[in-house]
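Two complexes come next, and they have one chain in common, subunit A, joined by subunit B in the first and subunit C in the second.
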Partner chain A sequence: MRLDVRGVSLSLGERKRDARKILDDVSFTAPDGAFVSLLGESGAGKSTLLKVVAGILLQDEGSVCFDGRVVDGLPSHKRNLGFVFQDVRLFPHMSVAENVAYPLRMAGVVKRERLARAADLLERVALAGFGDRSPATLSGGQAQRVALARALAGKPAALLLDEPFSGLDESLREDMRSLVLRLHREEGVTCVMVTHDAVEALMMSDVVVALDAGRVVQAGVPQDLYERPATRKIAASFGDCSVLSGEVRGGAFRAAGLALPAPGVRDGAAVAVLRHCGLSLAPADASEAPAFAGASASGVAPVPSDALAIGEATVRCGVFAGESYLARLDVNDETLTVPVAALPKPGSTASVFADPGACFVFSAPK
Partner chain B sequence: MSGQEPEVEAARAASAGTEGPAGGGRPRRCRRRKRNGAAWALVALQALCVVGPVAIIVLWAFTSAWPWPLLFPETFTTRGVEELFGPSQRLGEVLATSVGIALACALLTVVVATMAAAALSRYRFCGRDVARFAVLVPFLIPATVFAMGVQVAFLRAGLSGTVVGVVVCHAIVALPYAALIMVDAMQAAGSRLEDQARLCGAGPVRVWATVTAPTLAPALLSAASMSYILSFSQYFLTLLVGAGKVKTLALVMFPYLSSGDRTIASAYGIVFLAATLAVFLLFEVLLRRQVSREIDYFNG
Partner chain C sequence: MVDRLALRRAGRAVAPYLLMAPALVLVAVFLYGVVGGVLQGFGIMPFLGRTDVTFEYWQQVLTRPDLAQSVSFSFYLALASSLWALAGGIVLSAALCAVRQTRLVALVDVQIPLMCAHILVVLFMVSLFSGSGLVPRVLHCLGLVAAPSDFPSIVGDASGWGVLAVYAWKEVPFVAFCTVALMSHVSDRFGEAAATLGASPLRTFFTVTLPLCKGALMKAFLVVFAFAFGAYEVPFLLGPTLPKALPVLAYIEFQNPDIANRSVAMALNGVMALVTTVAAIAYFVVLKREGKGR
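For the complex of A and B:
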């Protein structure tokens, strides 16, 4: 099913005067069979948007279309959707199998057939034999898999997932992600997933729709968002990075002793996002070399050929972070963090090298 | 309605004391046992307060006189029991009326209270807070004042002296209690599971039947038993609205208390207690067993 959301706006609030605009003219399209992620920090309106798609909330403006058919007037129980909430929401008074069979029961499938299909679905989420148990006896990951099986039981036109993994341990999330992707592939069902985890969105989706403060700020394939982020928040959401504020003049960003090329950014206050993976460090002058000698011997800072020397900064301290050390450099009142192979000497000056593809400069809002 | 509630509470406290999760380490278990001792002492104290008066009633029912300095009565009589089961009292009929009215009242109260609670906890409407307060108003009005108003209104409506009138006025008295229970339960339960059920394709009626009612069953039962007891022990309102034509157990018992025939009054008291306890046990034990005890409002 192709899902179109066109110009949806929604304000929520107890009364008119303290109404808050949660969604502001949101539009996106989920092609048939695609996996779409709605990415944003908490409060960005992504869960609200999913609830509008599901019909739990009714938008003030705009429309939601399934395969080109406007479904705005359709109550949620007639939209034929599968929905997995973050807090699982298994029915506590039913067994696991009855939970999974519930959508089939509502669709009027006879008991024996629906229980057989529930058993089949439970097997596919690796919970064969759990049918007679009570939901209260399941672990978090098991309960989430039951919820997933239940969402798929009614052969939904689309599967909506609201932060389905955020309640799980890190070790379980990876398994759950593969399970969701496998079921998505097998069923060929259109999936829309809400997440605040940008890396998760990259790994799972065909299309990522980034939301901020109720607006779509960028939509595209994961590579687009990673390589050409439209906002500072999107740029900063993929892995470790440092954010520096400074000034752009004549196509170059400056902050203390650092200068970055900033083509196409208008003059004025600006922020730069520097991903740690594209940064490296070298001693600033020969007199400091001994301090770094040991480091270069062990293969430190083999400065990549496409890296750009962007300036010098003072090392404040270094910390051990497992696979590498992190050097903290003072840039005005902010901190630039650069991964290094050995601890640099605090107080020394070092040259910073950066891969232009890992640095992004944005005009700072006034 | 003197004794039943503390007794049930005592039973609950006792079961809570023994049912706690199996303890972890040894020192903890030690502490738990000590705490159990204190718990049992409290339960015993409470039981004494309830069982003591009941025991005295039982003694009174089988004695004709109990003069002051005697610790125990010295005469034995079956007069009270004979009178009670005698043809003039028509005990069966009175009991059936009482239980019937109380059950009807419980049903009516629970239905109305649940609808009110659903409106108060699920919908936003103008004047909701006023409506929420209005539900509790019968708490605040003195029973006599309320009874007079009800009597006048019911006379006009032609409900005076009818069983229906008695049921309705009992329901009005029980409504705030039941509504309070239901509002709290529905607010705690929220609409999480109902949203999920709707997304599974259940229409409003089936959401109610398959999800809302089963998850709220404990609260529904509590509200029903509360209403039942309030109705069963109601005297003044039954007298005024029933106009003496509707004879409930409380109504028949009262003259014996006021005329000082303690033997018969005590015999009635025993029947009263037994009837209340029987139905209460039915509500609390039998029906509750049907309901899954694992229902957890916050962790569905």
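For the complex of A and C:
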């Protein structure tokens, strides 16, 4: 099913005068069978948008269309959607099998048939034999898998997932992501998932829709958002990075002793997002090389041949970070963090190199 | 030298008992009343010089010709009013959840009825439904009854409908008060889930909301039942002459000028206590089951 959200706006509040705009003219499309992620930080309006799509909340303006048909007049229970909530919401007074069979019970399927389908679905989410158990006896990961099976039981036209992995341990998340993608592939169902984890959105989605303060700020394939982020927040959401304040003059960003190309950015106050994975250090003076690693010059991470020298900064300290060390450099009152192979000497001056594809400059918000 | 650690330990050991003291005083007063009443039922009244245990009063009570009728009538009043309260409470609670408990609605529908004394409700029910009351006169004006006096009397009617009406007005909001918070939570949290799984609001209510509120509703039902079984003032004022509700019978015996008759009243209270104890046990069984379910 192709899902279209067109110009949806919604304000929420106890009274009209206290109402706050949660969604502001939101539009996006989830192509038939696609996996779409709604990405944004807390309060961006992602879950609210998902509830509007499900018909739980009624929008003030705009429409929701399934396969080109406007469904604004359809109540939630007639939209034929599956919904997986962040807090699972398994019915505690029903067994696991009864929970999974619930959509079929509502559809009028006879008991034997619906329990057989529930057993089949439980097997597919690796919970065979759990049917008679109470939801209270399940672990977080098991409960989330039951919720997933329940959402799919009614053969929904689209599956909506509201941060389905946020309550799980990191080790379980990867399993659940694989399971969701496998079921998505097998069922061929359109999926819309809310997440604040940009890397998760990259890994799972065909399309990512980034929301900020109730507005869509960028939508496209994951590579688009990663390589050409439209905002500072999107650029900074993909893994570790440093954010520096500075100024753009004549197409170049400057902050203390650093300068970055900033084509197309208007002159004035600006911020630069520098992803750690694209940064490297070299001693400003070759004779200072040992200072970076104590005894060995080879302690400095090798500088890639296509890296751009962006200036010099003073090393404040270095910290151990497991696979590598991190050098903290002073840039005005801010910190630039660069991964290095060995602990650098505090107080030494270093040349900073950057992969241009990992540095993004944006005009500072007024 | 003072062992400060030992002092702190002693303080921590004693503190819970000190904090519990006011509650323990209340329990002690209650137990004193119960034990005193039970002993009086067995004829022990030291202030009259009676110290021997006797089953005479219990025998007298249990062989009374009007006891079975009184117990049945009290049981009927308690069961009917608690069922009415339960049904009305569920509807009121669901309505309050639907309107999101706006303050005015909650005030009018729940808080004011809860604050009104039963005696006050009896007065306005009488002023509304008695022969000269507003409702019979309006019905007469509309031609629905031949005369205001044809309207079933609220006082002394054998069906006890006046008693039931007072209890309904008072206890429906009580049941709603006991369940509305839970119902609102259940309806928000699980109602949304059920709706996305294809359940209409009505089916959501019957398959999810109501079963999940069962414990709270059962507890409210038992409280109303025990109260209606043991309360005397409403059946005393509005109930029929015969049969008399059990608490009314006990009250009349208690008011007998012969103080020795108090033992009969206490034996009647003992019968009431047995029934309400069964309700209390049922309450704790529900409480325990709920605890296990969590």
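As a working rule, the second predicted complex is superposed on the first by the 355 of 366 C-alpha atoms of A that agree within 3 Å, B and C clash if a C-alpha of one lies under 4 Å from a C-alpha of the other, contacts with A are read in each partner's own complex, and residues count from 1 in each chain.
To be clear about the criterion, a residue touches a chain if its C-beta (ideal position, glycine included) is under 8 Å from a C-beta of that chain, and two chains touch if they have at least 3 such contacts.
Because the structure is predicted, anything quoted here is derived from the model rather than measured.
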Between subunit B and subunit C, positioned on subunit A by superposition, is the outcome a clash or a fit? clash
I'd like to know which partner A:154 touches here: subunit B for first, subunit C for second, both or neither. both
Under the stated touch criterion, which partner chain does A:251 make contact with: subunit B (first), subunit C (second), both, or neither? neither
Please indicate which partner A:77 is in contact with in the superposed arrangement: first for subunit B, second for subunit C, both, or neither. both
Is A:268 contacted by the first partner subunit B, the second partner subunit C, both or neither? neither
With the two complexes superposed on chain A, say which partner A:92 touches: subunit B (first), subunit C (second), both, or neither. both
Can you list the residues of subunit A that touch subunit B in one structure and subunit C in the other? 54, 56, 75-78, 80-83, 85, 87, 89, 91-93, 102-103, 105-107, 136, 150, 154
Interface with subunit B, subunit A side, in the complex: residues 14, 54, 56, 75-78, 80-83, 85, 87-93, 102-103, 105-107, 134-136, 150, 154
Which residues of subunit B touch subunit A in the complex? 124, 192-193, 195-203, 206-207, 210-211, 214-215, 291-292, 294-296, 299-300
What part of subunit C is in contact with subunit A in the complex they form? 189-190, 192-201, 203-204, 207-208, 211-212, 214, 293-294
Within their complex, subunit A touches subunit C through residues 51, 54-56, 75-83, 85, 87, 89, 91-93, 102-103, 105-107, 136, 150-151, 153-154, 160
